[in-house]
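Two complexes, one shared chain (chain A), two partners (chain B, chain C).
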Partner chain A sequence: MPNDIKPVKVSDIMKDVASSFDSSIASNWYSNIVGFLSGNKSFYVLLGLSGLLVFAAAMTALNAINIGYRHAYGVSREVPWGILISTYIFFVVTSTGLCIISSIGHVFGVKDFLPIAKRSVFLSVVTIFAGFTVIFFDIENPLRMALYNVISPNLTSNIWWMGTLYGAYMVFMAVEFIFLLIEKHKIAMYAGLAGLISGIAAHSNLGAIFGMLHGREFWYGPFMPIYFIASAMMSGCAAIIFFTWLGYRVNNERMDKPMERAMEVVGKLCTVMIAVLMFFTVWKLIIGSVAPAKYEVIKSMLHGHFAVNFWVFEVLMGMAAPFVLFLLSRWRNLNMMFVASSLMVVGIFFMRFDLVIAGEAVPSYYELGVKEYSHLLSYSPSFSEIMIVSAGMGIVAMSFLLGEKVFKGHKTEIH
Partner chain B sequence: MKFKKMDIGNLKEDGRKTVSLMERREFLKIGLMITGVFAGGTVLSLASNMNKVFASSEEFRKKYPYKPHYSMVILEGRCIDCERCMEACAKTNDVPDYGYRTTILEKDVPDAIGRKREFIPVLCNQCNNPPCVRACPTKATYKDKQNGIVMMHYEKCIGCKTCVLACPYNARYFNEEKHAIDKCNFCFDTRLSKGEKLTACAAACPAGVRIFGDLSDSGSEVYNLIHQLEKPVWVNRPEVGAKPNVFYMKS
Partner chain C sequence: MKFIVNRRTVSLVESKKPCDEAREELLTPLDYRTVKTLDEARKKIWYKDWIKGGVNHREEDGAVVCDRKVKEKQWVVDVDSLEELIDFQGKYGEIMISNSSPYKEARTEIRILGVKGI
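Moving on to the complex of A and B:
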């Protein structure tokens, strides 16, 4: 942080903003859009496909609203949260992670992390937006939420804090991105700091939604908020490597030295975070095995209903294989690191699914020993739910592709 | 096995004199509680009943926090699963067929002597420390300050379903017609506020399973059922700490 921080006047900021939009920048952006038109064929195919996916999903979502979520979704009274909630968590975990990891560079001034900043901030806005889109179709009355969140807030509710803080977070990150674009780094830094604080607060509240449900033994306890922040950092690293590699592919460019260095440090951080998550997972299993209600879920993960999800996706694809690949790549083999990060993105998606669904699997009256609730509950996503999840993916893919062309590979000049 | 003979007269001083009278009493109480639990299955002593009723045992030990403090005692052994309570509830409160405010659970105990099956009616426990109320983001569900019933402002419900998961008793469901979460409110809007003394389910039960009344009134039946030592009284899932106001007895 520079030492000569002067008080910032609003009028000065506005002047700066106005002067930034002079003719050269405008023409520059114009040329970017023209540049976007000159993309190659596969670029347009991908863009078209993701657009089509979003469109088809929008139709399914409208149908779901029309016939009622009870008929359209696979959720029930006993398992009211399904894949839409877990996908929402997947997106906001990624967004928060992108924000945390990129802030190491442009908020805390670690030079090695600077080259990834712009793309990360852009993608953190995109992923949180995708998350909000998905949860919009899970909440029954989203418009009431906008009203009563303001006029009837419940300050003891984690959902209230999570929604409010993530709302603020999205604004801060968008502001940060705009100021990064026009190269106003000091204001961008403050917006980034505000985004980081609100993002971490929001994300730990998301963990606490689960951690504070004291009737749900699998989730209950202080573990959740901590686990959420740690897995956000892991997901953020994976997303940065994944999208940066793809970005350079889309633009058909070679990484320069600072970017390669950035990928190396993010890769190393990613490896550390995988180790942290492995540590958490091992202790979750061991501690869960002595608590009766948790043990039922743990058993279903180890050798039951969730075993494939757990061993193949969560453990192998989400942690073990990428960990080995990162070590083998020595954080220099970018292609290997890309494969590792792609595996992680898929694995983490299932991690979130298991977290939400497995926590609901034990019925409230399980220990009463009644006929109705003598087995673990199950849930499988419906077609509508899968389509809405795809819409979230489509939004991210489309925005990413457009962003690469319009913002010309999110290049950062390092001063 | 042989033991050395003890010389009781010459035992070493074990510091008994430093143990205060209070500590001895506390110790005895713990002993009584433990034996009570083993003897009765769940609860025998009044002291532990009281701890289960109140949100904060110190604050509310002497008086009940609401007036009237509505409560239900379910005499489980009398239930024959005729489901008239469920019918009456659905009719009175417009409960759709895909949901319920109260239901009857069935428990089979094949190796029991005599009766091998029991029925357990369940409904919202109108907890003194309701997890659903804490979790709701918009105060759409709240605990009535007067009578302690956990109620709904339907128009404020955003349908996030967090309360459904927060509830340890599976007492909530999403009602499409109301476009909000619906739950048992002891028939407050449909009966109690109109001068009726009983909930629809309690009134409809032919076997007198559901005893409904005001726990703060020492003359009421619920008060007398709970404030006795002879027969065990328990609540569902006490470990959650929600402090329910629906109690269970065998008969």
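Moving on to the complex of A and C:
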């Protein structure tokens, strides 16, 4: 009967479309990912894939050594630091952040941070190793560098201090992890404290490498060391939430209350650090707009070559969206916090890329009005560089998966 | 009733009593996994370790669980009435009661937040 047919409302159609989108794409995608990570045999597939990625990247890196970096990489005399340097920074920033956050529990004994500490220490060793691997292939002769670092140190060089302090940092963190495993907490604590001190010294010094370069106006100034430490804490929080969530999925463990509380406090700290970074970013833009060479870079970030990187990745994915998601989650909805931290990991990668590349985009002769250098310099990563970056990611993924299996969820025994 | 007891911060260099009444006991941790049945658990990569590391494997509260063989030392107190709890709070100041990591013998913890009785 025609009278029985109800008129179709636009709002109903929209609702159906929305729900079908939600169930058919978003939730399927989510459940597939969760299913893949949920302790099934697919774990070995992921492990194999990350191993394969590392192998393929290692072959590409060896080929780059063979043919010469100047042919294999997209860097030039004018833009000498490329994606390998920015990825190195991405990894060491994450590592330092993980160290700082884990030390709140494992060095200073704050109970709420203890459940996340062991996994964080492990990941800080893994990420610094990934960072060293990436920079290994950026240096023309890394083995000679290691030798001369010891026999002919240049104490006035920031880069000498960086290599030395990060080397010490990696050793201290590895020692801390080993002593945590054998439950010698006293020695682990002292190693952790030494790791924290060397990590903060190394990382603020890394900021100073940029901050002390007179020739690059975008970086120059005392802002960088402070920015690097604040940024490390934000990255560390994001990495802890990201990997803890994944770890619990891999092991199918039920998260107990102390771990939920740990995630809550790390989430809150993360939100505060995002706010701090937003504050830094706003002032970087305002102050930069009155310095001629800085202004060119700022313009390119706001509406030029770096605009997509800046607005989409750095601002939206790296800070704004996670900030809102953390507030909405009330630091209890772990799935929402995981999404926020995933966005942050991607956003922060681009944040580092922008920091390094945008800083070199203004030619040294720009303010002198030299005709050949009147425009911003450009840089695009080559295939070899992208593969080496993938190797770093592969090392972290493989080590994380192996770590979850071998160390059985990184349980902390301190009471 | 047995409560795990601790403070806001812990000493990492020695096992320090969180309060006068606390005594150290070996407790049996419960290892929960978020799969519904033991059959489902069999397909997981952690299954062998889980079987080897525990006893009394069972299905409980929509998950599978076992008692871990390796026990853990924890500081515990016995509080059997509301009056005892209020006396405890009076002696140590602000306290927080929450769920602890799950043990066979105790599932609740008292955290002493105040500075009284240090």
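What we mean here is this: the second predicted complex is superposed on the first by the 375 of 415 C-alpha atoms of A that agree within 3 Å, B and C clash if a C-alpha of one lies under 4 Å from a C-alpha of the other, contacts with A are read in each partner's own complex, and residues count from 1 in each chain.
Going forward, a contact is a pair of C-beta atoms (placed from the backbone, for glycine too) under 8 Å apart; a residue touches a chain by one contact, two chains touch by 3 or more.
Just so you know, these numbers come straight off a predicted model, no measurement behind them.
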| item | value |
| --- | --- |
| Which superposed partner A:Leu368 touches (first chain B, second chain C, both, neither) | first |
| When both partners are placed on the shared chain, which of chain B and chain C touches more of chain A | B |
| Partner chain in contact with A:Pro80 - chain B first, chain C second, else both or neither | first |
| Which superposed partner A:Arg70 touches (first chain B, second chain C, both, neither) | first |
| First (chain B), second (chain C), both or neither touched by A:His214 | first |
| Touched partner set for A:Lys408, first chain B, second chain C, both or neither | second |
| First (chain B), second (chain C), both or neither touched by A:Asn251 | second |
| Contacts of A:Asn154 with chain B and chain C, given as first, second, both or neither | first |
| First, second, both or neither for A:Met145, with chain B first and chain C second | first |
| Which of chain B and chain C A:Cys99 touches, first, second, both or neither | neither |
| Doubly contacted chain A residues - partners chain C and chain B | none |
| Partner chain C, residues of chain A touching it in the complex | 38-41, 43-44, 106-112, 114, 185-186, 188-189, 250-254, 256-258, 261, 405, 408, 413-415 |
| Touching residues on chain C, where the partner in the complex is chain A | 4, 6-15, 31-35, 41, 43-46, 49, 53, 63, 72-75, 98-102, 111 |
| Chain A residues touching chain B - in the complex, by the definition given at the top | 68, 70, 77-78, 80-81, 139-142, 144-145, 148-149, 152-154, 156-160, 163, 209, 212-216, 360, 363-365, 367-373 |
| Chain A partner contacts - residues on chain B that touch it in the complex | 98-99, 105-108, 120, 122, 131, 134-140, 155-162, 164-170, 172-174, 176, 179-180, 236-237, 240-242 |
